[in-house]
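In what follows, chain A forms one complex with chain B and a second complex with chain C.
On to the complex of A and B.
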């Protein structure tokens, strides 16, 4: 190796540069430049838009915080937050509980586990728009497989259909999210479970702990940091929900399933209230900065990740 | 490991897992069946389970020019992924190896870029793209896809870089290689599997993306996910055609899950869980 090194030694200018303090910055410079263009610039532009009157795509006068005032006085804004909250409350705890149970199942002695695992990844890797399509077909009006064979047969929703009633539409959207993300939670928790050290479990077995005690006294405490981090990630993700709502209900009936993303979409591209929707985008963005910071700190400290 | 620690597989648990997978994936199988189901059996009550498969939906999808959308989807996902790998790999390595000023702040910026709801970006992008005539162009969408994929790629590949033992690089440097040569000849070969799997995830994300393509694309640049809602027409919903396009959009995912497995957990948790 040393012989080879003398033969291929770099010209002095390159050696000097890559030993210099500027070298690491040179490595990240292109990426940073791109991120400034595709992320920082749009963010700052959104802030700029949110502070101006915007008429049909033409930026008008500076109007202080008018857009924010209008937004905060808009019932649909508060409704969208409520929708997002309910959606997360339906979806995330279920995904969490079922995911944990599923992870324990996967942790049993299962034949052909390497065959099952990839299959379980399919829903979470699918395009959300295809997930929406899938359930649009399953739950279609009178002939959908589920609507006809299950919901109608058992008389669960007499005289209405799942997406026609504002009480049910949001819950069903939440359940679609559960379908998509529970398998992923299972696999993530399972990965975490597999990474736990074996020795405490041997000790527990020697001490005669039963499965129940082992789970609550050992597995759960050891997994807690992971559960917190993944749960948080799901909450953040669920807040963004758009594609499946777009294809399944388009925010309806009325505004019953109008998530913040859906509202921003309608304000921008249907009502052309761009100033106000930019204000909404900025507020959501700021909330995400805070949430990401919390996620980052927790994951870093408790999972020793990053 | 000792043999005593590996008890034999239990048929009960195996059966339960199989049942779970079957129930879970049943809607996907039904989507595939819908692609072949003749229109006259589709809306019949009670449900027609057995039918003579037809290729009608495929034909009408091809006639409607969907192969072009497929081409656009492939080209867009490939182009944006290639750019991401090119620009992102050195950055991920630098983030993992060097003490940079304000590193944590930069991380947070990158993470937030990845996590922010797409709609927040689409609004400013739409107006900026209108002004710079990037709406409905391939270049415009490629650029927009960098937003979520470059940040994702840097973030996840960095965790792969940190798994590499730094000693190998030190040995090569003691042998007289420059840092850059070490990066090219020692680090890159070791990172290959990390790069490939992270890039595959980027490809899938770009492939699956809907909102950007929907709002920033148009007649010229239309991807498969955008083509799906277009089949909800004023004359009615083209269910069979939607199923065909949906299955086409699903294909790369079906391939990827078998290659990626552990990397999916790592990727979707932003590297917080090693998988």
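On to the complex of A and C.
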């Protein structure tokens, strides 16, 4: 039976409904309902908690902005933002650059591509706890595979170890993130590159454009929407980093790797300062809401990405 | 005929009372006590270690005897804290009994989530008269379970620290002679903090130097200790070091007392220890310490004894059987009571539980002498909660030194004071203690900053 025949066979009420303004909303309603339940309700509850005294899990009196004031006066909060910022600055640009370079390389029909592609999924598919443990085995002070055989043998970090050094721990955590997420970026960009139309490239070739020109005049502009979305997602994800820090440094040495997620975890599950940790979550959300909007506007107006 | 003397009367009464108690003890059984609760299901949340896994194999025996079904759930350290506390604080009562580390008791008491057990203990139908609570290791039990005239638990787990050293190195003739020549006394397991540092200094060597007649392929270290900012670092520094210098986190009134000359002395010792430690110590957790000790790059350590058991056994480490143990080294100049770190812990009855009497029976059964005997036999050792258990054959023979050290610690271990904000305090002190160890803060600066951080959290910290 053809599609037209199906439409013709549809009862009039259904045709009227599919033509109505409510139809698109009805289509997205199930997804919207799920989002409201699993995302909006908890978020609104977090806002509610952040405005109340919460002692040992019991919600008490309304306290206006006390939790926010306490948080803003807490140097650990500002430190955690600094840590997350540095972590993002180390990890995301590298992931982005290496991912894009790798995607372009994969696009060149390199030898064994069908072998490399599935292998590239492995780090991203690994559970974060496994990634943490893997790098612990590699870099643990004095007994890690790399620490013992390379770093300490050649005296690269005298008197300390990778994760015991406040100068190195955060950078290495960023590199662990690069190891895990660069292949994902690579594959995402590669898929985007593969989906680009061939005709502009043929025209460029006819016009005699070199590889450099083709990349900057064609590939990059055409890929910009994808680059912006993936980049934004990675920025958000990197800011929320928790698992690898929890496993590898627990926020130390000192508080050198204590990210907002790590701080929120301690405040919630160890210290039961739920009001303050809810305030932290709300503030971080607010910051991201603003940043993402700014980012989106730049991408839209300056980069013409959307 | 003369009337009996008062002394004879008294003896008769005592004898009659003993007979009555004995008869009651003989007649009381878990089966009879559980009759009203047969068919009840209870949920118990405990921490997973080899000891608890062995306990899990025994639990069906309780069900067979009483008809009370037990869902005995084991989770790792972090999960048992998070999930157990969340359930207790939510008041939903999913778990009837939850394992609480001693450090959690203050928080949970402040939240009013622990059911006292005095009422059940006074109930003759429920309380096993042969339970012999005096046999529970007294300092740990009393300090953990009793608070302000009420009893909140028995004693289930007796985590403790021991001194752990390489016997093959300490007994090496060449090393002994060299040590005596340098320090003027015999090389032996450290009993004092000074000996601990001397041994630490003596054995800290670079790759290529000789150790016990063999050239070292890698650097070797004299001391190994947990140094991560979280974990049990602060706990160990507090109980194994500070208290042996006469320092404490809190004074008698419960106020912070970190900035004292005694604390400064203790932190100075702590900082010196780090000079002889592996470079990665700042990232070592309580799990890493036995791993590193088992890899053979350190001469001595202070570690949780139950973790040591996982290393000093055939197949677990190339150095298994080459270790020796002792009491926690003390500061010879301090004349006060000796201290050793530990974490007496217990299963408590969740105030929101709907099956409290049945849960109480299970908790009794867990610490019963017979259950403990079976636990030790099945686990081929373990960490006893009963003083009498130390006389079992599993704790003698080749393991005598290890269990002797453990008993020495357990004899003096005290549960943490009941401090609701203890996790905040640990979180604040962790980085400071670590920085003192790493030489980034002086002991004086550490003590001063630590006191300020503690005062920002609480001015009277204990309940």
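Following the convention adopted for this analysis, the second predicted complex is superposed on the first by the 239 of 306 C-alpha atoms of A that agree within 3 Å, B and C clash if a C-alpha of one lies under 4 Å from a C-alpha of the other, contacts with A are read in each partner's own complex, and residues count from 1 in each chain.
FYI, contacts are C-beta pairs under 8 Å (C-beta built on N, C-alpha and C of every residue); 3 or more make two chains touch, one makes a residue touch a chain.
Note that the coordinates shown come from a computational prediction; the quantities given were computed from them, not determined experimentally.
S.K.: Tell me which partner A:164 touches in the superposition: chain B (first), chain C (second), both or neither.
M.R.: A:164 sits against chain C, while chain B stays out of touch.
S.K.: A:142 contacts which: chain B (first), chain C (second), both, neither?
M.R.: both
S.K.: Report for A:25: first if it touches chain B alone, second if chain C alone, otherwise both or neither.
M.R.: first
S.K.: Report for A:87: first if it touches chain B alone, second if chain C alone, otherwise both or neither.
M.R.: neither
S.K.: Figure out whether A:251 sits in contact with chain B (first) or chain C (second), or with both, or with neither.
M.R.: Second partner only, chain C.
S.K.: Is A:239 contacted by the first partner chain B, the second partner chain C, both or neither?
M.R.: first
S.K.: Is A:269 in contact with chain B, with chain C, with both, or with neither (first, second, both, neither)?
M.R.: Touch partners of A:269: chain B and chain C.
S.K.: Does chain C touch more residues of chain A than chain B does, or is it the other way round?
M.R.: Result: the larger residue contact count on chain A belongs to B.
S.K.: Going by the contact definition given at the top, which residues of chain A touch chain B in one complex and chain C in the other?
M.R.: On chain A, the overlap between the chain B and chain C contacts is residues 57, 140, 142-143, 148, 269.
S.K.: Mind pulling up the chain B residues that touch chain A in the complex?
M.R.: 5, 7-11, 13-14, 16-18, 20-21, 24-25, 27-28, 30-31, 34, 42-47, 87-88, 90-91, 93-95, 97-98, 100, 106-113, 115-128, 130, 143-144, 146-147, 150-151, 154, 159, 171-172, 175-181, 183, 204, 207-211, 215, 225, 228-229, 239, 242-243, 246, 249-250, 253-254, 256-258, 260-262, 264-265, 268-275
S.K.: Applying the document's contact rule, which stretches of chain A touch chain C when the two form their complex?
M.R.: Per the stated touch rule, the residues are 55-58, 140-144, 147-148, 152-153, 157-165, 248-255, 266, 269-273.
S.K.: Tell me, which parts of chain A touch chain B in their complex?
M.R.: These residues of chain A touch chain B: 1-2, 4-6, 8-10, 14-15, 17-19, 23-25, 27-28, 30-32, 34-35, 37-43, 45-46, 49, 57, 59, 102, 105-106, 108-113, 116-130, 133-135, 137-138, 140, 142-143, 145, 148-149, 179, 183-184, 187-188, 191-192, 195, 198, 226, 229-230, 233, 236, 239-240, 242-243, 246-247, 260-261, 264-265, 268-269, 274, 277-278, 281-282, 284-285, 288-289, 291-293, 295-296, 299, 303, 305-306.
S.K.: Okay, in this complex, where on chain C does chain A touch?
M.R.: Contact set of chain C toward chain A: 81-82, 85-86, 89-90, 107, 110-111, 113, 218-219, 221, 227-231, 278-285, 288, 291-292, 295, 297, 421, 423-424, 427, 430-431, 434-435, 438, 440.
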